[in-house]
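In order of appearance the chains are A, B, C and D, and numbering begins at 1 in each one.
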Amino acid sequence: MRTPLPDYLTEVLEVCGTDSSGELAAYIPELAAADPDRLALGLCTVDGTGYAVGDDAVRFSIQSISKPFAYALALADLGLDAVLAKVGVEPSGEAFNELSLEEDSGRPLNPMINAGAITVHALVGMDRVRRGFAAFAGRELAVDDEVSSSELATADRNRAIAYMLRNHGIVEDDPQEVVAGYTEQCSLLVDVADLAAMAATLANGGVQPVTGEEVVPRWVARQVLSVMATCGMYDAAGDWFTTVGIPAKSGVSGGLIGALPGRAGLAVFSPRLDQHGNSVRGVQVFERLSTDMGMHLMEVPPPARSLVRERAPLPTGDGHGEVFELQGSVDFVGMERFLRELADEAPSESAVVLDLTRVHEVRDVGRRMLLEGARRLSLDGHRVEFVDPDGMLAAFPDGDSGPGEGDADGDGRPDGAESAADDPLVDVGDGIQARVRRRR
Amino acid sequence: MRTPLPDYLTEVLEVCGTDSSGELAAYIPELAAADPDRLALGLCTVDGTGYAVGDDAVRFSIQSISKPFAYALALADLGLDAVLAKVGVEPSGEAFNELSLEEDSGRPLNPMINAGAITVHALVGMDRVRRGFAAFAGRELAVDDEVSSSELATADRNRAIAYMLRNHGIVEDDPQEVVAGYTEQCSLLVDVADLAAMAATLANGGVQPVTGEEVVPRWVARQVLSVMATCGMYDAAGDWFTTVGIPAKSGVSGGLIGALPGRAGLAVFSPRLDQHGNSVRGVQVFERLSTDMGMHLMEVPPPARSLVRERAPLPTGDGHGEVFELQGSVDFVGMERFLRELADEAPSESAVVLDLTRVHEVRDVGRRMLLEGARRLSLDGHRVEFVDPDGMLAAFPDGDSGPGEGDADGDGRPDGAESAADDPLVDVGDGIQARVRRRR
Amino acid sequence: MRTPLPDYLTEVLEVCGTDSSGELAAYIPELAAADPDRLALGLCTVDGTGYAVGDDAVRFSIQSISKPFAYALALADLGLDAVLAKVGVEPSGEAFNELSLEEDSGRPLNPMINAGAITVHALVGMDRVRRGFAAFAGRELAVDDEVSSSELATADRNRAIAYMLRNHGIVEDDPQEVVAGYTEQCSLLVDVADLAAMAATLANGGVQPVTGEEVVPRWVARQVLSVMATCGMYDAAGDWFTTVGIPAKSGVSGGLIGALPGRAGLAVFSPRLDQHGNSVRGVQVFERLSTDMGMHLMEVPPPARSLVRERAPLPTGDGHGEVFELQGSVDFVGMERFLRELADEAPSESAVVLDLTRVHEVRDVGRRMLLEGARRLSLDGHRVEFVDPDGMLAAFPDGDSGPGEGDADGDGRPDGAESAADDPLVDVGDGIQARVRRRR
Amino acid sequence: MRTPLPDYLTEVLEVCGTDSSGELAAYIPELAAADPDRLALGLCTVDGTGYAVGDDAVRFSIQSISKPFAYALALADLGLDAVLAKVGVEPSGEAFNELSLEEDSGRPLNPMINAGAITVHALVGMDRVRRGFAAFAGRELAVDDEVSSSELATADRNRAIAYMLRNHGIVEDDPQEVVAGYTEQCSLLVDVADLAAMAATLANGGVQPVTGEEVVPRWVARQVLSVMATCGMYDAAGDWFTTVGIPAKSGVSGGLIGALPGRAGLAVFSPRLDQHGNSVRGVQVFERLSTDMGMHLMEVPPPARSLVRERAPLPTGDGHGEVFELQGSVDFVGMERFLRELADEAPSESAVVLDLTRVHEVRDVGRRMLLEGARRLSLDGHRVEFVDPDGMLAAFPDGDSGPGEGDADGDGRPDGAESAADDPLVDVGDGIQARVRRRR
């Protein structure tokens, strides 16, 4: 069979493709000469599968969509505090070409406006941008020299910004060189598949889902997504967040990306822009995807099933006791409820078996709560035993780790769990240990 | 055993409780006379369990925390467009007492600043606020008459705003009465348990988790949470969203709420305020909870395990075929991967069994993709059969439905699934049907 | 003969009368119902002669033209510092209905915007406005009750401002009453003759030129004229000052006044307004008058003739000496030059006669310089004698005095000079005296 | 004798010299190294006499005081409209280093802020500035190369402004070169005598009072003085205009100039600056001079004496008639009154003699009114005759002419008047002529 995904994505393009309103960016001939009817959509999942439909072969200059990625590189290289000292994180409520500098310090309000992006570029430099963007996209990106020199010829506003930034001590390098570099950054050629992969890297905690390379640390991805959520869509941030609810960034050449944390990266290309400078059909595609796929960050998912699938007496012959068959994700919400149930109706028998066979995920806070429950049951005189055939209890080293650390084979089961000796003991606190059965 | 949750929450309070910086709000005697050392924390899960620790018996005036709830009532009563015509959704980047009206229209920028909140109050009126807030909190709330009359005596700024709003035609009622009503709204007495329940109602798609009442529709809850995310923390919105990443709202009496979509509502009370007007220790508690509990909206969860747990030949005696044992959540991401696997490596045998026994959730988009996959397999000549002992395939009527609609018993399994006849057929499109086995 | 002045003024009206662009103020029916073609011009000289041509019988509400006069009353009653504590003097660069309050203090930027004018009204009250305006105009002014109640019904913006001012402690009275009073102030009925007389009072140092009453002190008139010069024409202050160069104030009913210090008050009435809210034809009339009459404050007058008309030997028989026949105004500039001539070419003879017969004015600084010159000549051994048939040397008590003080008969010669004994002595410093001949 | 002027000016310096508050400009070493105690005062009259006291030998860079003079050159070279298209005339209410560009056009608000001054410099170029400033000062001015290169090294803000201006199409030249030129302009070395002469040129209608050269036309001087009046003192414009009332401009090196239209130019040098960037003692000296010398533009001068000194019957033997002996200045105000007197009390006899012997000035509008009066008297049947021994009636060609045009000998009497034939006729309109007697 053929996977229906491309059909689904193509259908979305067809629905949104009829709108021919909006205008091409006109400040350089290269953008004004774009074919206004081009429309493409790319999607890249966090496990590295990419789809691209429509005019997906068209390459275009990345423009402002480069901003979040350069910001990510700066954060990764210099750390949060050093970057915050130069660029803030507050929405400006202004168009992208406003100065938007803090009154006294001259610090740009956020990295998604030009002043912030120029500052960020000065922090990392074009070499790092080239290398970093290649890591994000999973391939080398070329600079469109015509776009670059055309933009450089009309970059007076950016030069003004760069000199103002050096005046405030925010930028220290030669403003002309910084602007030249920033213009090159904006002229890197991408297609929707590239952008979807780049967005997916942010959605995937900084790990490029195809190459598996950790391009930036997990905390960097979180910071960048947060700033995209509040500052990514210029002066329409509130409107975007209420209607679409996906961290996003648009560019003047008609690109628009979105990142769904833990799920996928999305990219649309359609050159006609609305009055905010965002792609008209790009916005429509995102609205459609958000509604259809339930991707709004504030969309409340249907309540998960109870963590406890079944509470049953031990099978005959296993002695007096009770089995709690858990399912789904062992997280804060589920554990809170389970612990409450244990408190409300204490197990009547001496043996308590916690069966994790149907559990598919153990969050860090959930594991801690589970072990604390086991400790308290032990203190109450119960003998606690885990059934954990898939080794879910073996914790990730810490809450920030992602694939590649502790789960090199990507099967969702911590490394080593598969080959661990049967029936080990796990320490639940106060020197108390519980047995872990590796078979059901 | 005793559930460790209160201990955990108390521990957080102890860690954050030592900071005595910040100042009490001083503009009315009642706020200035608050005990600055009070500290309380409440949590209410979306399944209706509440915890409250610290000085949780203290009641205080709700103040600006009333804003999102009045906004929710206005949206529910008048619809989105009618409310948007009066109040925008863009962050103002300004302190709470700025006018922040759009230049020509006079429309307040968002409902979290005073101008917006006064407009919202005028739209719904105090009676509706009383009834609606009682529904959010799950109990009647009383007005603190002393706070109310004291605030009314110093409400000249709000009167100025209200007259300016009437001047622009945004408010039509008598400004004096609107301000009097709004002042009453702000003087409603709450404790952290109330606020946690109110926030949990938003987190739960508008359904009060204790009473089960749908206070506002699901889309209203999403809209309110979105606006809280971008406009809830005054001029520190970006800082809050990057560090805490939870939709929130603070009040001048020292309250601070947060709502975790689909999970829980949180509330802290600590009267000393920072320069933004937010509770000093309230912010710290939230930072702590966000880090500890992985509650940041942009926090990428560890990748879910593959939807396909196992791919195996049919057990002997069942004929030639292949079994795909699915697990976890059937959503877009998982289905995308599964469909790709089917495309990459087509089943070799005629029979295909899709076993949903270990699936704990089927999202709407996932169900559609699953059925489309079955359709395509059928067209390729396969005989498709589902194993669905828990009735997961019986779809929710639509993606917006929540508990109480189609799942009245709240067990996470759609109503009727439990008592459905065994082995029904499901239509997968093009007139093709697949058998659904109700036992494994 | 008939004086040609009315013909001249009528001619100006005819030239400017053809422009029918602009729009009537429409926010209350009374203003919208005005006859848009009305055009009138009034002029009142500082010696109290009034001219009024065109539709000079039409009375209209004074509106914002009341602002400088109420400001003058506040200054006169409370003193400069007390008023400055409440209202600044800086141009706002904004339209008349902006708030334009200083950021922290809430002090209105100047008294010509509504916020400042409302504050000023609160300082003086309506009774004082009635009495004071009657003194400015030389007759009682009536309130147009219909205009007043119509404006009061739509005064929400002013109410907003008044509450904001009380919020900042700038206004202490009940905002509703302040706005009611201010609205009455704006509804006082005037014609162009009234306004010309009021403006002439400011131009005349605070003394009503017809009644001779000192309505406000000289320093108040100077302060008010200064503020009119920089803040009188809303957001077109710079344009007005460069092209017309006359301190002015306009009102929404179509009035426009200008005050030429020391010369005259002018008033035009023509109801159609430009986008700044200034009378279209009123502005044109002022431009015309400024050009024709050389009234621009920065217009450099042709250089005055030398103060020394003739330097000649004493008539035979009067002994050895030199006569200096002075002419025109004995002011700083003239005296500087004369003293320089005396220094460059010292009188050769022992007697020096300073003949003031052709002098028509002695400024205070000029008198001091003249006496200092006489002292130095005396110290050099000369015998100095003044010829002063008109008693010009008898100084005004100080530089701030005006008519009515020391020149009650208004002939330009200080009182008492006329009846002084012939040939008195004048003290020129260091105990040196000079003879003053009262005949030529 | 010695003229007391220097003593007077020195006395003012002594009174103001004790204040040592304020701070030196510190952004370049050359300014920070200035001797903070230096204090100098210069005065130059419109007839070309200069005084300079205190540390008048100290030369300093002209800095922002160059702005009005470069603006004057631009106006003279390009005309008013061409300059207005690039730079406005509205006060900015902001500090000197704000951008203050109009929102859409990018046009600087006025030529006294840096953005406006840079634009003006680009319009004229450094060669024109050098030549023009030499003409204003009456001598070649040298550039302080150290100051210039030091400022150029820290001119990033100005570069930012220049690039922003080119971005808006306001500046077309290379921004780097424009800033380099502007920095040179600001580094021209002057002393207080130079600045006083430059200011005096503006005060004298554009004619350098020492050299007699018309540096700029009269209308340009008026335009520049108007803009200095409203925009010259940065964000303290209103405060300055109310208290001092003299068009002025200050510079960061401690200079401060003022121009008294028709009277004199003033300059103070004292390097310590207040928070607005204006010289502390410079401001004090101006306040003192304004008060002492009655130089406030809104200061109402004591009313001039009546234009009619005496009204008497013709001396016996001259036939039946009446003589009107006029005095002082024949201007609008005086003529208005005289014409009114003629209207109120018509001459009873057939002959009317208008004796101008004591008149020292005839303004253009006054001459027109005088001739119109003569025409009307003629029409009423009177025989009108002028006595005009000094040829005052021979009009200047137009109201804009100054010395050098029509009065080359500078005696205040129009050229040719002296040598005119006795008893010519003057045309008073309608073909009517009046005899002009050249002797009394």
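To be clear about the criterion, a residue touches a chain if its C-beta (ideal position, glycine included) is under 8 Å from a C-beta of that chain, and two chains touch if they have at least 3 such contacts.
Which protein is which chain? UniProt says A, B, C, D = Glutaminase.
All figures in this text were calculated on a predicted structure; none of them were measured in a lab.
With steps allowed only between chains in touch, the distance from subunit B (Glutaminase) over to subunit D (Glutaminase) comes to 2.
With every chain reduced to the mean of its CA atoms, the largest distance from subunit D (Glutaminase) is reached by B.
The pairing of subunit C (Glutaminase) with subunit D (Glutaminase) is characterised as same-residue: of all residue numbers used at this interface, over half are used by both copies. One simple way to say how far apart two chains are is to compare their mean CA positions; for subunit A (Glutaminase) and subunit D (Glutaminase) this gives 67 Å.
Here the CA centre of subunit A (Glutaminase) is 20 Å from the CA centre of subunit B (Glutaminase).
The set of subunit A (Glutaminase) residues touching two or more other chains is empty. Those chain pairs judged to touch are A-B, A-D, B-C, C-D.
Contact residues on subunit A (Glutaminase) toward subunit B (Glutaminase) in their complex (touch as defined above): 1-5, 45-47, 49, 88-93, 110, 203-205, 218, 221-223, 225-227, 229-231, 235-239, 241-242, 245, 247, 261-264, 292-294, 296-306, 327-328, 332-333, 336-337, 339-340, 342-343, 346, 358, 360-361, 363-365, 369, 372-373, 376-377, 379-380, 396, 399, 401-403, 407, 410-413. Interface of subunit C (Glutaminase) with subunit B (Glutaminase) (complex): residues 99, 156-157, 159-164, 166-167, 175.
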